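Below: the structure, in structure tokens.
Chain naming follows the written order as A, B, C and D, and within any one chain the residues start at number 1.
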Amino acid sequence: MSAQGILITAFAGAGLSYALGLTSARLREVFAIVVSVLLVCLIAITHGQGAEHVYYPDFLGLDLVLRMDALAWFFAITVSMVGCLSVIFSLHYVRGKEKENFYYFALLLVNAAMLGIVLSGDLLSFFIFWEIMSWAAFLLISYKRGRALDAGLKYVIMSILGSCAMLLALLYLYANYNTLVISDLAQQIRSAAGGFPLWVMLAFALGFGIKCALIPLHTWLPDAHSEAPSPFSAVLSGILIKMGIYGFILVMYGVVGLKLLLEVGAPWLHFHTVLCWLGAITILIPTFIALLQDDAKRLLAWSSIGQIGYIMLAIGVATSLGLAGALFHTLNHAVFKALLFLAVGAVEYKTGGVRDLNRLGGLIRRMPVTFACALIGGLGLIGVPLTSGFVSKWLIYKTLITEGHPFLALAALVGTWGAILYVYKLLHNMFLGQLPEKYANLEAAPFSMQLPLMICGFIIVLFGILPGIPLSVIGGIVGTLGFEPVTATLTGFGPQIGPLNTLNLCAAFAGVLLVIVAFRGIAARPKPVSQDDSYAAGAAAPAGKYHHTVRFYDPLERMTGGYLRDWVDQFYLSAAGKAKGVFNGVRRIYTGDVRTYVMYIVALLTFLIFAHTAGWL
Amino acid sequence: MDRNQITKWLKSPGKMAHKYSLHAVYFCTGCGIIEIPPVITARWDAERFGVIPVATPRQGNLFMITGYVSVKTLKAIIRTYEQMPDPKYTVAFGSCPINGGMYWDSYNTIKHLDKYIPVDGWIAGCMPRPEAVFVGVTHLWTLIDKEMANGYIRYKKKYAAYRSNQEMALGELDWPPLYPIEDETEEESK
Amino acid sequence: MISSLQENLEATFKGVKVTAPEDGRMSVSVPSDSIPVVLRYLKGNGLDHMALLSCVDWIEDGKFELVYFLTCYMPNNTDYAADQKLHVLVRTQVPRDNPGIESVIGVFENIEPYEREIHELYGVHFKGHPRLTHLLLERDYEVPPFRKDFDTRQYVEETFGSIPPVDE
Amino acid sequence: MTRIIQLVLSPLIALVVGVLLLGLSRKIIARIHRRYGPPIYQPVIDVIRMMSQRSISHGSLFDLGVVFALAGSLVTVMFIPLGGTQACQPFAHGVLCPLSSSGGLLVVMYLMLLGPLGLALGAGDSANPNASIGVSRKLLLALAYEVPFLLVILAVMSHYETISLTEIVARQQQAGWGALSVPLSAVAAFLILPAMLGVRPFDLVSAPQEIASGPMAEYGGRSLALIKLYGATHLFLVIALFVDLFLGGGVNLATFLLKMLIVFMAVEMINAVLPRVKIEDAIKFCWKWPAGLALLQMAITVLSKSG
């Protein structure tokens, strides 16, 4: 089942789901799930088959190629898995809302487009699928009209900017090497004498940077995430951002190749070191902004930008461990963010659209399964040992320290502590503390919403205890991209890379846990008690007012709140404001009645005649 | 740590531990609270007896009521007493909790604290000096040894009586009963 | 300042008995309905601090005597002269059976808790008081506790005596 | 076979020594206040008493959070070398550090956040705003002291160019203590030691007077006993790490414990006399002096390494 077959099923699935939707909602939902699950199986089967074939001979003189190699497979399986989970989740989420057909069509279209990007063998089809993805994502971001419309607008404007930059770079490549097929493009570039021009790399970086929200180009993400419907924002921050990462890896290591990459940019300031520092900044600032957010999805959006910083940092370091860490963290972050966004979506669905962290609380008593999965996701995001996040962050830190970048490692580690603070704030304000009166008898999320959460949670813990499973695949990918492959045992790394054995860690933890529970068993079992019976200095706990959430990190907010406004966003908006003034001026030229247009034509003609007679032209 | 101490420890570690680690919840009512600081600070150090003040009733096992109990304070006392974990001991300072003391005919003080919550030990003195407090503590040790300091068991067994007394003094109570109260019919049948 | 105040008071208000101040404590007895006017007049003359409101239960002649303690915020501590240290006690009589008087909250804002306390403990009703609820006690007593005819022993016997002891 | 004994031995040592250190701290503070203070084994009595009490529970996470916290710290102790050198063989296996082969300093750093996180989750579920305020203070204080602490660890790691703790200790035993080779980091680490232990100058997490002992507001009975044991292990852990990083670990267990005692006495002296700072001042202090010193030391190490 080659790459072409996968793409056909994906796009056909999107189209058919819309058609079926017109007849009956039930059929469409079943069909959407079947297509998604089918895609996951198809991709899983094609593991290890490196195939590259032309699927459209000469499209404007170029032949479009589809390629399935280890890197493409890795991203494809991530895309299809998270896409499938979000489709399963949105069964209940979208039921009863208007425009359901449109929602399913757009969701499946985005997933299909992303598969297309990953499987495309040449840059032209890569660009085509890229555009389909951008537009389908715009349709879904502005699904809820109102404020979502301006968030979608901001997203589209920045995406267009990125696409134009990328188109420019494509044209340059075609002009110089008159082929866009990645494999032979790479050979020609590496064999060519001169180095790779910096501005082309910058153009690519602008295109991919906007999509994966690097710090100066990140302003669309917080609005887009908090306005998009939850299942789609899981897809949006889970995998749509990773397409930018895939683009970076493809261009930096697939097309340009490691040896050439190290010389790109001025001799004293290489492109990849700038990328590292940009990644480090992208870790710090958004993480501390995320701390101060009150809306759950906006907090998660800022945290996504922060985590992307980790991946960019790892890519920029340009070492085999770094790239392995980046790829593993891409997979991890996709799973964590999908899980956390779906958990927030489940809470939003059950409490009727409440996302404000100051009005929720104590939901652990009503939605324990959702809390457990969100907890695992949160711990993974922090990188607590026994979760997969830990192994990927360990790889990134190991390479940063041994390569001698202690300040970058510092930024990454402080980012981890920022992650702890905002993950705890999210979990505490939504699930812990006092349960408000109106949610007293809120029943748990439906199974179709809990299933994706449980799957993600299981993956996090499984890859945390046995990281060898993904690492064997990633090790191979790193080998194909021009580094020496990273050999990882099933439970960690051998002594030469660095002592890490997660199975011993898990066994030790389990053993100690058992001993403690046994020791605790000696004492009498405590008496469960209601939430009103908590210590209030002898008085009765005031119902509904005994829950500390507003300005949770008040001291920090007072100290750093002033500096952490989003300057970049304000700069863009002010620039847009000024630009509007200029364009208004231009608009006044077209007054709308024919006479002025005739007058313009006459004036032009006289000018041309005069210029011709005076011999200018 | 002579021989019989060790045997006592081995026989009943829980009881001995309760004796030598009385974490006290000082309920600051009436005039007795000013007597507490000298007890716990440098001159008459209570920590050598293992008595240290704790912040919340959840962590303590000794409940010290230092002075007269007004009707409004009784509500807080009962709630604090019920929030303490189970083997707990109550000690009352001065004569006011015993029989109302000099406020014996006042309209808003509780005359007999023992009718509302079980009190294991009384320390005489209006207000007792730190030495008297230590005598009380050591006396409590002997009570614990002889299994006589079982106020909390009495509270559980006769909770219905305590509860009705509390309701008679305070009217409607706005917290649920600590232990399930069988209604009167089963009371007679038992 | 005190002597002049004494003449002014007697001049402006009839039916006002002013006793000589022995140590700076001048007492003015006033009929109950003219309390607000007198207090406003005194407030205008520099006695701008309503220190206290208390009530005396003359049970023999069936009267409650309300005493308003007025003094002045010292202009500043240093040059406070001896004769300015003046307490004026405005007294008035109220019948005991249904004691009621006009509230002076319009003149002195800070009298609000004092009036509630007197209402709670003596049962004097202050007409025009915005929030005449309990200040310290939690429940009502049919005979307000501070009245002389409130028999404390009988009350204690009645409420606390009937609570059965909990046997060992 | 010796690995199994060590796996059991090192957490046990951590518990016993930690509890005795807690008892010692109460004794030192008492003696500074010119009073007798409880016997050294008072925490043991407290733990037995709490285990014999039956307290309340606000939900399963309320109980499990504490168990995770204690488990996290006990597992972390297994990664820290507690004295002994490759050369001499007090335990026929050289360094007393059972899991040194499966995780270096990075793993220790990450495991150290498991404890506070477990307690934070448990306290969060206790439906008491005192606990939530305590936890938010704890996380902010952690953020405050983490910046200098990370700088210190990175300086040490880049100075010895390794992430394995046993190698750092072995290097120090040959080439002299860490405190001499990265002196400013040692000073910075000592400045933030009270913050990491949560003792007096930075006692604001479990402030009994202000927020009713913070996260422990609702804990009683056996959960409180586990928290006391967690406090003891965390105390042992932090000081052991300090000794390993800067005082060259112990030639054998005895010298290691002796060094720990000295460091502990110094911290307790500070603890006995200083009042409690506000959370804003704690953050400002931690980000100003210790962070500055550690940054300076880091710059020096990086320059000397790359130079």
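Just so it is clear, a contact is a pair of C-beta atoms (placed from the backbone, for glycine too) under 8 Å apart; a residue touches a chain by one contact, two chains touch by 3 or more.
Bear in mind that the values here come from a model prediction, so they are computed numbers and not experimental data.
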May I ask which two chains are joined by the most contacting C-beta pairs?
A-D
For which chain is the distance between its Cα centroid and the global protein Cα centroid smallest?
D
Would you kindly tell me how far, in whole Å, the mean C-alpha position of subunit D lies from that of subunit B?
37
Per the centroid of Cα atoms for each chain, what is the distance between subunit C and subunit D, given in Å?
63
Suppose each chain is reduced to the average of its Cα coordinates; what separation in Å results between subunit A and subunit C?
74
Please list all residues of subunit A that touch 2 or more other chains.
524, 533, 535, 537
Show the residues in subunit C shared as contacts by 2 or more other chains, in ascending order.
none
Please output the residue numbers of subunit D that touch at least 2 other chains, ranges allowed.
51-56, 212, 217-218, 220-221
If we use the touch criterion from the header, which chain pairs count as touching?
A-B, A-D, B-C, B-D
Contacts from subunit B onto subunit D in the complex sit at residues 13-14, 16-18, 20-21, 23, 41-43, 45, 47-48, 50, 53-56, 58-59, 61, 83-87
What part of subunit D is in contact with subunit B in the complex they form?
26, 30, 33-38, 42, 45-46, 48-49, 51-56, 208-209, 212-213, 216-221, 224
The residues of subunit C that touch subunit B in their complex are 137-139, 141, 145, 150, 152-153, 155-156, 159-160, 162-166, 168
Quick one: which bits of subunit B touch subunit A in the complex? Just the residue numbers, please.
27, 56-58, 75-77, 79-80, 83, 86, 174-176
Sites on subunit D touched by subunit A in the complex:
7, 11, 50-59, 61, 63, 67-68, 70-72, 74-75, 78, 99-104, 106-107, 109-111, 113-114, 117, 120-121, 124-130, 132-133, 135-136, 139-140, 142-143, 146-147, 150-151, 154-155, 157-158, 161, 163-164, 212, 217-218, 220-223, 225-226, 278-280, 283-284, 298, 301-302, 305-306
